[in-house]
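Order as written gives the chain letters A, B and C; numbering starts at 1 within each chain.
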Amino acid sequence: MNSVNTTITSEVTQPDEVAVPVQESKPAETIIEEGKTVGKPYSDDPKFKLRDVEVFYGDAPAIKKISLDIGRNEVIAFIGPSGCGKSTFLRCLNRMNDSIDICRVKGSLQLDDHDIYDPKRDVVELRARVGMVFQKPNPFPKSIYDNVAYGPRIHGLANRKSDLDEIVENSLRKAGLWEEVKDRLDANATGMSGGQQQRLCIARAIAVSPEVVLMDEPCSALDPIATGKVEELIAELSESYTIVIVTHSMQQAARVSHRTAYFHLGHLVEVNETNKVFTSPEHELTESYITGRFG
Amino acid sequence: MQPANLLLLTLVLAIVAYWLGYARSRSLAMPLGGIRHLKSLPFYYGARAALWSGIPALIVLGLWAAFQGKVIQMIVIGGLPEGIIPATDGEASLLLSKISNVASGALPPGFVEAPIAEAAERLQALRTQSRFLMSGLVISVAVLAGFLGWLRIRPRLNARSQVESILKWVFFACAALAILTTVGIIFSVAFETFRFFGKVPFTEFIFGSHWSPQTALRADQVASQGAFGMIPLFTGTLLISAIAMVVAVPVGLLSAIYLSEYAGRKVRGVVKPLLEMLAGIPTVVYGFFAALTVAPFISDLAASMGIEASSQSALAAGAVMGIMIIPFVSSLSDDVINAVPQAMRDGSLALGATQSETMKKVIFPAALPGIMGGILLAVSRAIGETMIVVMAAGLAANLTANPLETVTTVTVQIVTLLTGDQEFDSAKTLAAFALGAMLFLATLLLNVIALKIVRKYREQYD
Amino acid sequence: MTDQRSQAEIVRQSLKRRYRKERRFRAYGIMAIAIALGALLILFTDIIGKGYTGFVKTTITMDVQLDGEMMYLDDPTDERQIKMADFVEPLVQALIKEIPGATEDDRKQVRELINPYASVTLRDALKANPEWLGTTQTMTFLTHTDVDVYVKHAGDDAYSIKLNDQQKTWVDELLERDVIETSFNDVFFSGGDSRDPSKAGILGAIVGSLLTMFVTLILSFPIGVAAAIYLEEFAPQNKFTDFIEVNINNLAAVPSIIFGLLGLAVFINLFGMPRSVPVVGGLVLTLMTLPTIIISSRAAIKSVPPSIREAAEGIGASKMQVVLHHVLPLAMPGMLTGSIIGMAQALGETAPLLLIGMVAFIVDVPDGFFDSATVLPVQVFLWAGSPELAFIERASAAIMVLLAFLISMNALAIWMRKRLERRW
């Protein structure tokens, strides 16, 4: 594991090569080493290839040398205590941190082998490919139809009104919302319930057919029933999209994700198959967290 | 004694009352074993005595100073011999100014009729008497009330709660002054406006399309009664305000958008104060600029293009007024745009919208009600603006929509009718108040609507 | 997947067009700011360009022979004789001597070079120094405004030069020999208004403004603060309080000229107060400024954290004590800042003062609150309306003085906000 180093441009590291469990039970050794992640941080078919990513707010580091692969059509959950940097890290993946003046990102972040932070990289195109759903549902104060149609319209994805109608209907169907709203597409979206709003935001995000959907605690503002619906939706979407989900709820991570990454104070401590993380975590801190000793 | 000096004296008396009250409370407390045995601190006994002495005296002083002038005038007029008692208010005011000119020595007594010279003497005497009476009354009220307050100091007296409740009432009175001001405005314009409508029919004023308030000096002259149709003034005001809005709204809105969405912190730090500076320049300076620089420039420019433009074109006044309103529009829009939650921006940007798409399609529609409210406030400001139009727009009440012609506005006419020589109750002066009433109503309506929209908008995102 | 790929392709193709729009939108923003700042720049250059010469006066220095016979004067201490004496002749004679080639026949033309008020200056000097009679004194006088205009604006087409060619040659020559000189215009700062531009000054207007502002300040600040305290701390939640608040918000947006109508109807017509005096001006401006001061004072009170109040109430202080001992001192910097800004507005206000008669032509510097006066912005208005360009020049100069006052007041407010205001 120590070999997770700065050779960013090197060929894809084979997962079984690196996934050597080095952590024996060394109880005193709970200090995290920078850039050191236990478990299986790499994938053999990576959508995202992230190496030595560091994020600073002004001079304060928020993410410290994280390396991780996110596989194609994988659902990966980021968990960890508040302020561990999981949201910050997520927002690097479609450069939503750009709008924060003092935020700086270092390291190599590649989407399909192209650098995300390349100055020549087009952020509009990037975001069209990497969609995002936020913690609090944020529908635009427009009609339901206009909300979903917003993305296709700005990107010019539909040439005809009928195309657009189709995209809207498909997206709403995928988001499991169509039956609920098909009769009131002209109603203002802000009048919907919280759960509906969040599913609308998901529909809005998938209306532009992104390759990746980032979800930043998508259920934290929802009640259990709405949460259940959104989780079902995530499971369905995982067939055609790569999904990165930040969550506060370990149960949710356990329910929806293939792999789980545990963050702690800006470090990526452990990445493993989800059931492994929740049944036999390799790292001390992960264990402490999932057994509820802190968080 | 002069009111100003008397005011100072009253304050001195109040301070004296404070010290006496303070000392008395202490001396009452000493035999009981110290100030611990007083209900309140000595400070409050002193303050109570000071308030007892000061407040009634100040009220008396204020009332006397406010009404003495009018009362004396009435006595003087009333004391005039039969033949020259003025028939109308207008004559009365002329006569009064003559009398007071004689009294102040500006006009030698030999130049006027004997009764007027006598009246002047009486005026002088009355003024002296009034001043004596006022001084005596105010001082005795201060001393007496102060003494009473002082006398009633007891160790069991809760001076603190008394002082506090008096203060609270004083604070309340200060806040209620806002209502009094509004009432004052309404009454002062309403009263004269009704008198105006007694002379000129309401319908003629509202629907008349001809405005020429120059009433003849002698009743037998032709057109002795001027024309008071406010439509040309109304359209003139609207024309100039519209030009101002055409300048101010796009420039103000776009600069607010640029500053809040694009500009870096450094640029904002420089540009914002400069824009605010535009708001701090007195309107008379804008008027100067409009009348002496912009207006000649526009008429020269038009002439060079072969178009005829007046040297007092509506365009000049309107454009400069627009510049004046830019910071107003931009700061209101800035507030409104910043009130749109960041989540909206993030939501749009995350879908791959560019900043301008986000602005045009999400933020701006969301902020629109607030921006409309701000624009209404700006319109209300434009129609009430006075100095720019007084200096740069003309007096000719043309009914036109051509921005290169001269138009006049409601505010210009108010100023013109009320400055310079005037008869007090001619239709001409009263017309100014009627115009003022219309202006007040229009701006009030705009403000109420605008404030309501803005408040509703704010609540939406709070 | 193929669907996603092709969509990405569509997006990529649309980018060029969308970025062009983005750049255009950004350019509009920059243009808007450029227009606003450009207007500011043009305004300032225009006013400075028109007015900086207002700070320069043109004087003429010559040896004046104070001949008693010429002046019909043998005792300068005698008021009657002084009144009747001729103080113009010595000036004309002195100037004829200064101009080579000028003779007794040119006296009319020579006389037109000297300021009409120069004889008054000479009279006052002689009254002060009676022993000068019969001697020759080197003295400096203002030139005639026409000369002043010629000296300052000879090449400027906007100004019409009223001197004839003969006079121009003389003035050129006198300039060469430093008989006619330009220097800092102290007259502008030491006198009141005048019918003669060279003699006109702004001291009267400045004093009038100061008196008016003093009245405004001592009334509006305490009343505004008291009202703000009442509304923030004591007012019950009821309809009446709401009504007060609605009134204040509306008054803040009522056009200033309406306050002028109020002043005219209430203070002058109803109370019979005199016209054009600083007290009435101050009262009107107080009513106009109060809403601004109340609103900013309330904001200042609101920014004092509740923990301070709770701490003081916790040790048994009464509500009034909490307010006066703790909240008020902490809110004071914010209140002062707001008040300075309100006062700056009042200082630049013109319209309501026109209605209460502060537009009179007043030569004397006012010496009290009940003395007829004008104020700085009204003085600008009066001069700006004059057909004489020399007055326009003075108006521009007066605007510069007014702006200097306003900018320093605002700078003071900003400084106070930075230095004194506490952030929680």
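In this text, a residue touches a chain if its C-beta (ideal position, glycine included) is under 8 Å from a C-beta of that chain, and two chains touch if they have at least 3 such contacts.
Fair warning: this is a prediction, and the values are worked out from it, not measured in the lab.
Distance from per-chain Cα centroids to the pooled protein Cα centroid is smallest for B.
The largest tally of C-beta contacts between two chains is found for B-C. Between chain A and chain C, the centres computed from C-alpha atoms are 63 Å apart.
Our note on geometry: chain A versus chain B, Cα centroid distance of 59 Å, whole angstroms. As a whole-number value, the distance joining the C-alpha centres of chain B and chain C reads 19 Å. Residue positions of chain A touching 2 or more other chains, listed in rising order: 124-125, 128-129, 154-155, 208. Of all residues in chain B, those touching 2 or more other chains are 352, 354, 357, listed in ascending order. Touching of two or more other chains is recorded for residues 11, 18 of chain C. Within the complex formed with chain B, the residues of chain A that make contact are 94, 96, 99, 101, 124-129, 131-132, 134, 136, 138-142, 150-151, 154-155, 201, 204-205, 208, 214. Across the interface of their complex, chain C is touched by residues 2, 4, 66-70, 72-73, 160-161, 164, 167-168, 170-172, 174-179, 181-182, 184-185, 187-189, 191-192, 250-255, 257-259, 262, 271, 274-275, 277-278, 280-289, 291-293, 323, 326-327, 330, 352, 354-357, 359-360, 377, 380-381, 383-387, 390-391, 411, 414-415, 418-419, 424, 432-433, 436, 439-440, 443-444, 447-448, 451 of chain B. Chain B meets chain A in the complex at residues 264-265, 341, 343-354, 357, 361-362, 365-366.
In the complex of the two chains, the chain C residues touching chain A come out as 1, 3-4, 7-8, 10-12, 14-15, 18. Only residues 11, 18-19, 21-22, 25-26, 28-33, 35-37, 39-40, 43, 46-47, 50, 222-224, 226-227, 229-231, 234-235, 243-244, 247-251, 253-262, 264-266, 269-274, 287, 290-291, 294, 318-320, 344, 347-351, 354-355, 357, 359, 369-370, 377-378, 380-381, 384-385, 392, 395-396, 399, 402-403, 406-407, 410 of chain C touch chain B when the two sit together in their complex.
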